[in-house]
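Structure, as structure tokens:
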Amino acid sequence: MSHQYSAPGDHIESTKPVTVSRYRGITRLNHWVTALSLILLAISGLSLFHPSLFFLSGLFGGGQVVRWLHPAIGIVLFLSFFLLFLQMWKLNLPRREDATWVAHIGDVVQGNEDKLPELGKYNAGQKFVFWAMTGLILLLILTGLMIWEKQVPLWEPYAPWAATIPARRIALLVHALSAVGIILVFILHVYAAIWTRGTLRAMTTGSVTGGWAFRHHRKWLRELAKNRKAPDNHNTPAE
Amino acid sequence: MNIDLSRRSFLRLSGAGVAATSLAAMGFHEAEAAEAAHVRDFKLATMTETRNICTYCSVACGVIMYSKGDLAAGEKAELIHIEGDADHPTNKGTLCPKGAALKDYVKAETRLTHPRLRRPGSDRFEEISWDEAFDKIARAVKDDRDANLIEKNADGLTVNRLTTTGYLAASATTNETAWATWKVVRSLGIVGFDNQARV
Amino acid sequence: MTERAPQPTTAAANPPVQPLASNLLPSDVVRISATANVPAPERQLDKVAKLIDVSKCIGCKACQSACIEWNDTHPAIEENVGVYENPHDLTPEMFTLMRFSEYENPQGDLEWLIRKDGCMHCEDPGCLKACPAPGAIVQYSNGIVDFVSANCIGCGYCVSGCPFDVPRIHQTAHVSKKCTLCSDRVAVGQGPACAKACPTQAITFGTKESQIALANERIEDLKSRGYENAGLYDPQGVGGTHVMYVLHHADKPGLYAGLPDDPRISPVVESWKGATKTVGLAAIGLAAAGAVLHGLFSKGNQVTAEEEHEAEELVVKTAAVQPETREEL
Amino acid sequence: MTNSWTDIKNTDLVVIMGGNAAEAHPCGFKWVTEAKHHRGAKLIVVDPRFNRSASVSDYYAPIRPGSDIAFLMGVIRWCIENDKVQWDYVRNYTNVGYLVREDFGFQDGMFTGYDAEKRSYDQTSWEYELGEDGYVINDETLTHPRSVWQLLKKHVEIYTPEFVENVCGTPKDRFLKICEMIGETSSPTKTMTSMYALGWTQHSKGSQNIRGMAMLQLLLGNIGVPGGGMNALRGHSNIQGLTDVGLMSNLIPGYLAMPRETEPDFATYMSTRGNKPLRPNQMSYWQNYGKFMVSFMKALWGDKATAENGWGYDWLPKLDIVQYDAMRMFNMMKNGEVNIYFCQGFNPLLSFPNRGKMTEAFSKLKLLVVMDPLATETAAFWENHGIYNDVDTASIQTEVLELPTTCFAEDEGATVNSGRWLQWHWAGATPPGEARSDVWIMTQIYQRIRKLYETEGGKAPEPVLNLAWDYADPEEPTAAELAMELNGRALTTLYDATDPTKVVLEAGKQVSGFGQLRDDGSTMGACWIYAGCFTEDGNMMARRDNSDPSGMGVFQQWSFAWPANRRVLYNRASCDPDGKPWDPSRVLIEWNGEKWVGPDIPDIAVTAKPREVGPFIMNPEGTSRFFSRKLMRDGPFPTHMEPFESPMANPLNPEMRGNPVARVFPDDMANMATSAEFPLVATSYRLTEHFHYWTKHNYVNAVNQPEFFVEISEELAAEKGIKKGGMVRVWSKRGQVWAKAVVTKRIRPMICDGKPVHVVGIPIHWGFKGAARKGFGPNTLGPFVGDANIETPEFKAFLVNIEPASEGLA
């Protein structure tokens, strides 16, 4: 059972019509926890980002609550994303076809899939989102810890240079820029998932239609098809 | 990482949580208006002023005590603050690090509040009444004086000298206390009588 | 109606006990943290200033005692670490601090430079600029920069915004604390408690130009005693300050326990609070709008029925090729 | 102080030596800052440490602890050699011209008449030579070899700048620069003030340190002048008052003397007092001794004191030895000769030397009574606090009574500041718990003892029963009643001596000044120098008019200054012999042809003609003294003496150890160390953040200075491997302490007698009670010896050793 283009949990659930399991339950839950944390972080973060948005802190019970809740959720985001990272990083490694995909970005946006190469489980856009999220969340957690006033005494002895005020000023700037970055990536990710019809169900029900797989991730579909065992009596189709 | 929910913010959180989930709330209700800029209430308003002299060094800076309640009018007076007296010619309202903190000397936790007695060999003080204390002192001093007062010296001259009871007088009591103390101590014939002039 | 208090002209005065109406009103505020277009106040209070003449300062810490007593704070009793500085740093309960430096001057004589550290009440306050919470930090028209704890969220941005490393976040009250230039005393026409207590009147208080005049008088005296570089420390990098120093060595402020030579709001903070905000919001706004518009006007990337059919074929065909060849693929 | 705090603003040069005014008297030190700011005055600081006074000084010089006399005599020698002398002043207002007896001499650092066994001098030769007319012979040419001037020049000859550098460790160039700065104030229009405190008094020759500067000030004409004087900065808020009211073994209020055994009756007692003038028509004010003594006895015994019974003379205890000072009492206590001891607002366990000896002494008492606003270490000397008070509680059989008293905020009365101002204060806070005033406590003790004598009788009850106690409420006399007694009043109507028909003062009325006191029993006055403090015009001590029209910082209408509201003592000497002020820009008093006028009360009879009466009216000679006759036990001139524990031998006389006439109890002499075993010189002192052992109870001061430390130089720290903030052990022959190490550039080793001398600074403010961290005091280490004249413990110079201590401790 080779997994060059697919993750261990992926498999073809049914053949008439073809449905393909793309994300198992645990991955989906993990994704949604990450998503929710990111959204809450964005809202609470934005309330501190610009005075005009400070009213958003009202959603959390005021600025004082945001002050400890934001970093708390930050930790949750980091941990939960880390789990996602473990599950997905291998298939997000760049491959040859990604370069050609990117070269045809114009076609991508207009939706003429035919001009695009066959792809594995993730296209270059999705890979960009993955690695962008990874990088930005790392930056956010590091700079976040540096500017988290209450916890500075805990780690100061180990990295005193990071506790100095000049360092924390830079951390504040980087945190703000990274936050803007991650919100932009977030918008891209959400929009792409909506714009590419039939994608959302992957993260809600866990499966996609065969056609979706064929259209967007054909190499992924081929591999799953190969990996599928011969239909003997014990494999009820509705497996 | 401790999430220390002070009671007030907990209520606001739980309340807000409900609001957040209701979609209607997504209409971004009006956030609480920021509290108007205000300075702390001036804590000396309506206090009773009393002129006094700092108890520490011999510059004798003039101080003003601010108390809640007027002692002179027979009320109980609780000391709130002490500050230099700008009218005093020596310190003109200034005070040193000791004088500026006089209030917390008057209200120190280790101020004595009850007469206490430590019995021979005991490892603790026991609270006793003023009467018990004075009876013990009077009895002890009279017995010691009657036993050890030297009425006449070897040459038969009247000396009335008591050396087995000694008295070490203070450094910050008033002249009036000093005079009352001098009278009592000398009437007993005490010669081992000294004060804090040297240390 | 209780009589309105006068504006303060000196600290050397006895405080009133008869109730007085405050003369430092919310309407006297000229800048408020995280609040754009603050209404201009209808009156301009006299600019006040505290002058600290380090050449008169005997390092006695009367200002520390007076500050604790007036503000009813309770700094921790720390330990001796081989120096005279106690507490060891400004804390949320200690708004001012004597800093001692032993300096051997070029002539080989020892000088013991002692500086009263604390908020400088800048004309362009870095704390206020960095603060995200509306109304948490205000600047009055007389120059006082004050923290309004009720609005403070304890985030610590002001700690990074301040060019002098002054604000401190209280670990249990979760609000930022610093010298308030005794705004409650100034409100009733009095001067700060430290300036009242200072035994040698190294700390004086009054209108800013009266303190500048006094400073110049002191600088002449210091020059006559051989300190050619004596001068006034009123750094223009932060628009001048309402707490100023007279220094023996105004050419080397760093001698005085790290007093910044040319303090200004850090460019990192300026860019964080300036460009990043506007560009950041714009980018997010554009991205969101772009996504929505694109979503509305372009048709989605739809899977065709033919592709569904093709998928079925592929799956069925692959299965038919039989298991033993499966391994080579 | 001869002058007052506010007079310091008038000075041109301040010398802070033997004290640390900026730290111990910050608000008084303001006036030095004012003088610098408004008069361009200069400040010189001479101290073993570069302290906080030095931080704002114009010139600083280090000095080895205990070598101040050599420095001062060196400055006098330099001034004489360079003719920096205020001649008009010196010729007319000092005893430079008087001849001294032939048999007086000085050899190898010792004066004639030394008796090694008795450790005292036979002082008969220390006297003027009197002419037939009974007056002192005066050689105006100052050339006679036995004139005080020539004796002085011979005496200071040895104190060359090289001698000073060698003994004091002060670099010669710095010493000479100071001499120049000081020399300038010999001009009549320039004045210098000396601000000193325990830095000079806490030596075995403390009194002579002060004599040294007093002589220098006389040489420069700086006594009695604005911005001049000898200004002792008293330590406690009312130590001046308690000394004025005579709370010392040999004193009666007003600096009268307690009778001795050798004076069996009142007449013998009076015969040696009230000394006659030694120069024609001098005031020699002590002539009036009888008026003050009789008035005092009437105050003490009331109508029981009559001429017949010598005004109750027998009821006063008679001294067999002069000094029953605290150290003698502790020594007697250690020997089991004391049963009961009272500590009124005092914490001797931490403030007297050799704490081990103190604990042993207290443990021998039957009853210790401590009256204090705070919990003191003395009252808890029996409590075991680990290394901080390592005692075997069970074995200490002393009963201890700890009585809570009010503090300044909770009682009313007067305290006297360094400048002799009696200032009234009012209570503004309710005492905590059952705390009561000291007056009430002493009254209760007295009334109960008196009742026991009335009911049971007993030995010699008269002094107890005859004591005057006529107060409105005998259970608690009021402050005003006691203050009025101190001021004094007429008992019978007083008539003018020259015109018997003229009533001076009706019976029962308060006297307006000590001039009205009589020696015939018709007046009473508990403290003659306070007469005028509470007169018929009311409580002068409560006056609050802070006007100072002359701008001289005199403040005549603010409270009351003794004597007679005079603010600058000897202010007659601020004018030249013809009564014209030396410096017209600073006038205290001046002669206007008929009488003395000016902002201050003249320190002379108002109509005393200038050329006739000398400015020093208390002295029989009417002049001040370079040669102090018999008044000092250790010599009429200050001579260099090493501390008892010293790093070097006395260059004048290597065999002489410490002060040859200082009293040393046998076991204490054996307990003295040599520099072989203890090479470092220790000195103890105060910090500005703390007051004695009181402010460690105050969390605010504990925040400012939380923990006991010792201060050492960077050189010593390197030599001993001590790091800044590390824990060290410091020990002497008598005990050991543990402390944090403050390593600083402000202390430098000094080269004395060719060898480096390291100084270890030990502040005093810690113990085992209160808010601050537990700590020790230098009194654990200090030697049990005091000044030869007044027994002030030698805390400023003794020997210790130091080493890094294990961190695990405390």
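A, B, C and D label the chains in the order they appear, each numbered from 1.
The definition used in the following text is that a residue touches a chain if its C-beta (ideal position, glycine included) is under 8 Å from a C-beta of that chain, and two chains touch if they have at least 3 such contacts.
On a predicted model such as this, the values are computed, not experimentally measured, just so you know.
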Closest chain to the protein CA centroid?
B
Interface with more contacting C-beta pairs, comparing A-C to B-D
B-D
Taking each chain's centre as the mean of its CA atoms, chain A sits from chain C at a distance in Å of 39
How many angstrom between the C-alpha centroids of chain D and chain A?
84
What's the distance between the Cα centroids of chain A and chain B, rounded to whole Å?
66
Could you grab the centroid distance between chain B and chain D? Build each centroid from C-alpha atoms only and quote it in angstrom.
27
Out of chain C, which residues touch more than one other chain, so two or more?
35, 60-62, 64-65, 68-69, 133-134, 151, 199-201
Which positions in chain B touch two or more other chains at once?
4, 48, 82, 84, 87, 91-92, 94-99, 101, 104
Multi-partner residues in chain D (2 or more other chains touched) are 26-27, 30, 688-689, 699-701, 704, 771
Touch list for chain A against partner chain C, complex
2, 12, 15-18, 47-52, 54, 57, 62-64, 66-68, 109-111, 113, 147, 149-150, 165-166, 168-170, 172-173, 176-177, 179-180, 183-184, 187-188, 190-191, 194-198, 209-215, 221-222, 225-231
The chain D residues in contact with chain C across the complex are 22-23, 26-27, 29-30, 33, 36-37, 40, 50, 52-56, 58, 60, 688-689, 699-709, 723-726, 740-746, 771-773
Which stretch or stretches of chain B touch chain D in the complex?
48, 50-62, 65, 67, 69, 71-72, 76-79, 82, 84, 87-92, 94-99, 101-102, 104-106, 108-123, 125, 130, 133-142, 144-146, 148-149, 151, 153, 155, 157-199
Over in the complex, which chain B residues touch chain C? Could you list them?
4, 34-49, 64, 66, 81-87, 91-101, 103-104
Show me the residue ranges of chain C that touch chain B in the complex, using the header's touch definition.
11-20, 22, 24, 26, 29, 32, 35, 60-62, 64-66, 68-70, 133-136, 138, 140, 146, 148, 150-151, 172, 180, 183-188, 193, 196-201
